[in-house]
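Structure first, commentary second.
Chain nomenclature is as follows: A, B and C, assigned in order of appearance, with residue numbering initiated at 1 for each chain independently.
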Amino acid sequence: MDILPALPFIPILEIIGTFVFAISGTLTAADKKLDPFGAGVIAFVTALGGGTLRDLLLNLRPVWIQEEHLLITVLASVVVAVLFRRKIVKFRRTMFLFDTAGIALFTVLGMEKALRVGVSPLIALVMGVVTAVFGGVVRDILCNEIPLIFRKEIYATACLAGGGTYLLMRLAPVPAGIPMGVAILIIILVRLLAVKFKWSFPNLNP
Amino acid sequence: MDILPALPFIPILEIIGTFVFAISGTLTAADKKLDPFGAGVIAFVTALGGGTLRDLLLNLRPVWIQEEHLLITVLASVVVAVLFRRKIVKFRRTMFLFDTAGIALFTVLGMEKALRVGVSPLIALVMGVVTAVFGGVVRDILCNEIPLIFRKEIYATACLAGGGTYLLMRLAPVPAGIPMGVAILIIILVRLLAVKFKWSFPNLNP
Amino acid sequence: MDILPALPFIPILEIIGTFVFAISGTLTAADKKLDPFGAGVIAFVTALGGGTLRDLLLNLRPVWIQEEHLLITVLASVVVAVLFRRKIVKFRRTMFLFDTAGIALFTVLGMEKALRVGVSPLIALVMGVVTAVFGGVVRDILCNEIPLIFRKEIYATACLAGGGTYLLMRLAPVPAGIPMGVAILIIILVRLLAVKFKWSFPNLNP
């Protein structure tokens, strides 16, 4: 608990990330013609599913069970998404930027949490990626789709690149905030470039 | 542990609820042309999946791992459902009543268990709904369907109405059994009325 | 912890089982046209998903989080499967034998682990089957299929037969390795015979 208090903007970013993920979940649910309850569940798992799986695997009680503000953030975002759906759709580009920032942040926060309960760096990297991407995987399963991330999104790779850098920089004698900032920038950069230049891995059965 | 011993009918209702949910799971599995092993798994997750997720989230060991009689109830109900399938189908109305009673009971028991490990009322409400409805969600995922409850069933809302009432009444100086009984009645009533008058939420993409 | 150290070949068999399950997961992912990241995830859940669920249910931290070599085994098997896919496909018969041996081993190891944390024999049997077959179930869910095992594979039954024998023999005053060896042989035998003679349960809705 030495870094987070020193970086007071992190809880705010975490709430923004949760909010944006939940909005994106609600929009997906609306596309699938779900009702408001279904939309709430999809928003919840999109936003908090990754962190929940991470905490279950680390044998901890998930954060949102202890800190109610994350659940309230999800509820608020569902209301906003339902009321302003038409307007939000026009801001897809902005949404995408927030979403990318959210993934980057969740990767680093997830790794840091895992490292603090004493797992190895490799496992911490896995936990970071789980935190960032697993919510989207469950969202796709609930909506009866093969998860998008398994097919064409490169963003897990962006998380791995940023997360790996974070692990290396953490060994260096620099202030704690610097590896975190650099890792977040790398993840954002890789994903933006991947989308701009349509980078993707070939599928395995060409 | 102050309420449950004082209400000796609860363990019996819990077994009845488990039995009915497992029968309904077995019938779904038969519709999907699964084999007896598949039917057993579907029956199990329908009946015990919600409580299992609740306990995992609260970082407890699921009840059925400690108390074998719930697992044996599921096995018995699979045998009954397979042997008497044709007859059971005729009792759909009775089944529906038991199913509704089961959901009501599971909501309240799930909330009570969550409150006792010290979570906030809002989180306890979520845990109650998870206990009641998550088994059906996993059943639908395993059967490769978008979960029914996300599309047209109003019963999560019934659970929320009853669960909210339970939280409010629990603050009042009345004997412990009264809020529980009232909450269960509200859930049953809302669901029966919803089905009778075909109440449902509009989907989000009309 | 009295049996495992006395049977030094078990960790090696465990790695072989993990390797083979991960290869089979990667090949499934390739059939579904997933990218390398998706293949890695499918390989992981196929190989380690069953043990992970068992450990979550027993309220333990999953083994692969503590012991990195299992995760590294999965990564290695993905690389091997991607590089040598054409050749591996020719060895389907050998793969099938290893897969069967893996299921047998995972059943017995899963039961033993459950018994050691103090659950009843019936629950331990369920945990053994979960360890052996749940990875394949999640693989099929992620690939958007009704799990194969619910429809026509008899191998859960093979696990139950071997697991039941293990529980009975464990009561007898024989050296610890003997029940384990017999149970593994029974599981392998039942599955091979089931495949050879096309044994299967009828589905429940003929």
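Remarks
Just so we're on the same page, a residue touches a chain if its C-beta (ideal position, glycine included) is under 8 Å from a C-beta of that chain, and two chains touch if they have at least 3 such contacts.
Because the structure is a prediction, the values reported are computed rather than measured.
Viewed as a contact network, the protein chains are fully connected, with every chain touching every other. In the Cα superposition of chain A onto chain B, the rotation angle, rounded to steps of 5, is 120 degrees. Per-chain Cα centroids separate chain B from chain C by 31 Å.
Each of the following residues of chain B touches two or more other chains: 56, 59, 141, 144.
Those residues of chain C that touch chain A in the shared complex are 26, 29-39, 41-42, 52, 56, 59-62, 64-66, 68, 71-72, 82, 85, 141-144. Every residue of chain C that touches chain B in the complex is listed here, in rising order: 56-59, 119-120, 122-123, 126, 137, 141, 144-147, 149-152, 156-157, 200-205.
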